[in-house]
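Take this structure first; my questions come after.
Chain naming follows the written order as A, B, C and D, and within any one chain the residues start at number 1.
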Amino acid sequence: MAGAAPAPVIVRVQRDDFDVAAETARLVAGGASAGAIVSFTGLCRDEGGRLSALELEHYPGMAEAEIERICLAAVTRFSLLGIAAIHRVGRITPGQNIVLVIAAAPHRHAAFDGASFVMDYLKTSAPFWKKEHFADGSEGGWVEAKDSDDTALEKWS
Amino acid sequence: MAGAAPAPVIVRVQRDDFDVAAETARLVAGGASAGAIVSFTGLCRDEGGRLSALELEHYPGMAEAEIERICLAAVTRFSLLGIAAIHRVGRITPGQNIVLVIAAAPHRHAAFDGASFVMDYLKTSAPFWKKEHFADGSEGGWVEAKDSDDTALEKWS
Amino acid sequence: MTRLVYFAWVRERIGKGEEDIDLPADVTTGADLLAHLKTLGDGYAHALEHENVIRIAINQEHVEHDEPIAGAREIALFPPMTGG
Amino acid sequence: MTRLVYFAWVRERIGKGEEDIDLPADVTTGADLLAHLKTLGDGYAHALEHENVIRIAINQEHVEHDEPIAGAREIALFPPMTGG
């Protein structure tokens, strides 16, 4: 639409939890042209009761920059009306939120693809690392990167 | 997981709006095994300012049954930990919510696929119809089904 | 007596949302039902003019037009769905 | 002086999160940098043992190991990322 404002891009790295409803409202505050909103929330699993917490570390500055780069690529590629990506850091316990991605678009397939694209790239190129702490008091060490996350990128190439 | 309760399946057709956060909380209330939640919200677009409202009609009984059937198929196919699908009926104005689908799964691709699958089938097999009312007072008539919605099903076959 | 229910523009053109009717013995499939209804008046003829776009549900389940309707408690006729 | 920053188990094994070091003139690429750091002590050698899994960012952008490091203000070394 001629004269439309640029699509909102919300990127944050924070220790505190996020509010999906509030972030969604911010994203579509500009108007009623969005027909589809897809939100992805990534949570800390309890791994069958074995995990007591995850500790999330990031590269300040680069983490935000990489997420923003991915979000801008998604806006262009899927003609999104808005995108939000918020990643938490610090100590996170099972059942708590880790990451939120919200994509708004005129139609559903663009919104699904936009959110999925951002998550796939965020997993493999945003500088965050997870360390596991187990319920028995032991330190589980750093989570290893999964080949399946690299494979997931192939669908976008 | 042995002894796990069956995945929650929440299906409703209602005139009132829904609360995404409350429905999400209900869906994952059972535990902390979900690592991914994808929610899709379908909204009434303003169609560049031309639309004043949509009027949504449904086939009571069959609408709920079809949505439940689709949700159960998604749970089985993608090993979902829970699924919710809520569809509104009655008069809906631009910017308001029409439909909500939430899928919970251990990992992100199953959650994305589960929500997307339910939306694609809901569009083509759940008995709902939309009538448009335009801002200039005219009745826009019934929305026509889109071939692209039938085409979207091919990815699941 | 068989209960018929109509939705969206099928309902509007026929002029009612539901009715109970006695079907002739030679009306045995969905397609037969459409052909029979079209003889009942202009509203029916207009509603069911393009038979191939009319969707049929028997006892609240989608069926093809050649499906037998014997034993149906409720038969629904409606346009392609546009929910979601 | 070039600022080096380390994350996750690279940081833990080296024993610090950042440092400013003078690089010899023959250290011109990311790979050269890894080889040089491994001579600085056991912690470095352990952290950078499997060079192929170490990711390098120059001025907060991902680069390949053969990328020239001339002019870099900040070079980061870290394991494969596991966010999301």
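One rule holds for everything that comes next: a contact is a pair of C-beta atoms (placed from the backbone, for glycine too) under 8 Å apart; a residue touches a chain by one contact, two chains touch by 3 or more.
Source: prediction; values computed, not measured.
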item: Subunit B to subunit D, fewest steps along touching chains; value: 2
item: Longest centre-to-centre distance from subunit A, chain (CA-based); value: C
item: Distance between the centres, which are taken as Cα means, of subunit B and subunit A, whole angstrom; value: 22
item: Whole-Å separation of chain centres (CA-atom averages), subunit A against subunit D; value: 27
item: Distance between chain centroids, defined by C-alpha means - subunit A, subunit C (Å); value: 48
item: For subunit C paired with subunit D, centre-to-centre distance based on mean C-alpha positions, whole Å; value: 72
item: Touching two or more other chains - residue numbers and ranges from subunit A; value: 42, 108, 119
item: Two or more partner chains touched - positions in subunit D; value: 84
item: Contacting chain pairs - touch in the sense defined above; value: A-B, A-D, B-C
item: Contact footprint of subunit D on subunit A as seen in their complex; value: 42, 56-59, 61-63, 65-66, 87, 98-99, 119, 122-131, 141-145
item: Contacting residues of subunit D [partner subunit A, same complex]; value: 5, 7-9, 57, 60-62, 76, 78-84
item: Interface residues, subunit B side, partner subunit A - complex; value: 1, 19-21, 24, 28, 31-46, 48, 94-95, 106, 108-109, 111-112, 115-116, 119, 152
